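For reference, the structures are reproduced in the following blocks.
Below are two complexes that have chain A in common, paired first with chain B and then with chain C.
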Partner chain A sequence: MFELYFLLGLLLVGYVVGQILERSHYRSIEKREAEHIGLATTSSKRPIGEIPRPTRVELVEGACVISIDYFKRFVAGLRQLFGGNVRSYETLVDRARREAVLRLKEQCSAADQVINLRIETSSISKGNRNQVGCIEVHAYATAIYF
Partner chain B sequence: MLVTNTEEIPGKQIVACHGVVSGSTVRAKHAGRDILAGLKNIVGGELKAYTELLIEAREEAHERMQAQAAQLGANAIVNVRFSTSSVAAGASEIYIYGTAVTVR
Partner chain C sequence: MKYQPGLPEKNDNVSHEHPVREFFVLVAGTVAILVGILLVAGLFVDRAVEYIDPELEASIFARFVSGDLADQTAEEQELQALVDQLGACIDVGYPVRVSVTESGELNAYAMPGGQVVVLSAMLDRFETENALAFVLAHELGHFKNRDHLRAMGRSTVWLAVSVLLTGANSDISALLTPVFSVEAATYSRSRESAADALALHALNCHYGHVGGATDFFELLAESDPKRRNLTHYFSSHPDAQTRIRDLQALAESQGYASR
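Here is the complex of A and B:
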């Protein structure tokens, strides 16, 4: 009986705190994305448009490790019985990718263009039944200064 | 040393190629961090200790790659790629490779 209550308690804490944390993270992502909207970022290998001769180029990086909460992991486990979209993991990878790209942009806010943006995702820990515990997203690009 | 992940450096000309250079590190997280991360797994969110760990590991691999390029007499590294793999439970390997060149 105690074990059941413990599990329910974990699910409840995971759900409530996880939702609050996720919302505040999304608010911060949206605010910072709006601040950096002027920085042209592309995955193209060459600079876009007619540009003056660059004075400086550098490699910039941004990384972020994000873990999923207990409730969502539980729901995703249930989802595996029926298949279909696993919404709880969608928000996890979305948050991690946007955060990593934002960190990259914050590192070079004075740049004029960011080219050849690559995003790489890897799961760094696997829990019970090979479930994904947390993922790491690493974004890297070349910043150009005119 | 100039480092980019593009094939050529905008505004510069590649005059010599010295071949592939690479750097790698394998890092494990220490137990204290692992316990904290376990707690964080309940509520979700960013695991700052892991983020820092991976950033440190990348910096080290990066330095090793640059040292190798300097030894070859290059002044730039182009087409840099990163890769991460988990070699054992709790340890991950960071591998960085690129092409050492001389630019003018």
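Here is the complex of A and C:
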């Protein structure tokens, strides 16, 4: 029985803390996305529209590593038995991608355009058993200053 | 083409279903599948037990048995004689040995391989031979019903299922272990009741009446604190009052004399 209570305790702590952190992260992401909305960012290889000759062009990148909480990992483990959308991992990937792009934009907030945006995702835990899932998202792009 | 900045109105990349709901749906599904597997496997185990003859059972459990008839104390020899007489009423199929262990606890055990261990407090506290005979017959009932084989078969199935389904030592098996504990305890209580019924029959067959059958449980009921909340579901034995009631009802329905 002790094992079960211990597990339920971990799940509860994981859930409560995980939710609090996730909500505050989403608030921060949405606020910063609104702040940087003026910086045109595309995955196109060429700048958008008619532009003057650039004065400066540079490589910019943003990366972040985010971990999943105990509760979500547990739900994902149960999900493996039945198959289907691993919903509990969706916010992990979503947050990491948006955070990486934001960090990239924050690096070049004076730029006029960001082009050729690429995003790479890699798993840090590499599917090891009994390890909390955690991913790195790396965004890189070219910043152009007119 | 003009670049128009904008943020999406809603996030379609994440599900908006409540995670706790998903958790409960998945747990309920897993528990339901597990209970189904255990019930079906239990039926197979019961069927398989019928095909294992007493000699094979004795050889499976041979390593658990210790001691020799020649080493028995006078007290143990007396109990052995009683067991041998009761054996005429419950034929176990292989020899049963009795030993006494010093302990203040009120209990007796049927060890796999045909050994009955009686704790010494039983000999001190019982006033009649009939009370002791009932306990011994109850243990013989476990041998007769092959309860060790059934329990062993079930735990083997559980081990296989939990390893295959969730991997050894995983958190999910920690969550599922109580499911098995409750299932195993429920099954164990039914085996205890079955052994009680056989013991009652043996008592009547040996003495011609069932006086003293409930003495042991009455002693237990005195010292047994009332069970509360969930512990009842995890308990391997029915509580003493229930067993007394069941025995009285059975004695009445079978028309056994009480003295």
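In this section, the second predicted complex is superposed on the first by the 139 of 146 C-alpha atoms of A that agree within 3 Å, B and C clash if a C-alpha of one lies under 4 Å from a C-alpha of the other, contacts with A are read in each partner's own complex, and residues count from 1 in each chain.
Everything that follows uses one rule, which is that contacts are C-beta pairs under 8 Å (C-beta built on N, C-alpha and C of every residue); 3 or more make two chains touch, one makes a residue touch a chain.
This structure is a prediction, so every number in the text was calculated from the model and none was measured.
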item	value
Superposition-derived comparison: chain B or chain C, residues of chain A touched	B
First, second, both or neither for A:K72, with chain B first and chain C second	both
Partner chain(s) touched by A:P54 [first = chain B, second = chain C, both, neither]	first
First, second, both or neither for A:E3, with chain B first and chain C second	second
Partner chain(s) touched by A:I37 [first = chain B, second = chain C, both, neither]	second
Which superposed partner A:S122 touches (first chain B, second chain C, both, neither)	first
Which superposed partner A:D94 touches (first chain B, second chain C, both, neither)	second
Touched partner set for A:I144, first chain B, second chain C, both or neither	first
Shared chain A surface residues [contacts with chain B and with chain C]	72
Complex contacts: residues of chain B adjacent to chain A	2-7, 9-12, 37, 40-47, 50-51, 54-55, 58, 80-86, 89-90, 92
Sites on chain C touched by chain A in the complex	1-3, 5-7, 11, 13-15, 17, 19-20, 22-23, 26-27, 29-30, 33, 165-167, 169-172, 174-175, 177-178, 234
Interface residues, chain A side, partner chain B - complex	10, 13-14, 17-18, 21-22, 25, 45-47, 51, 53-55, 57-59, 61, 63-70, 72, 92, 99, 115-116, 118, 120, 122-127, 133-134, 136, 138, 140-142, 144
In the complex, chain A residues that touch chain C	1, 3-4, 6-7, 15, 30, 33-34, 37-38, 40, 42, 48-49, 71-72, 74-75, 77-79, 81-82, 85, 87-88, 90-91, 93-94, 129-130
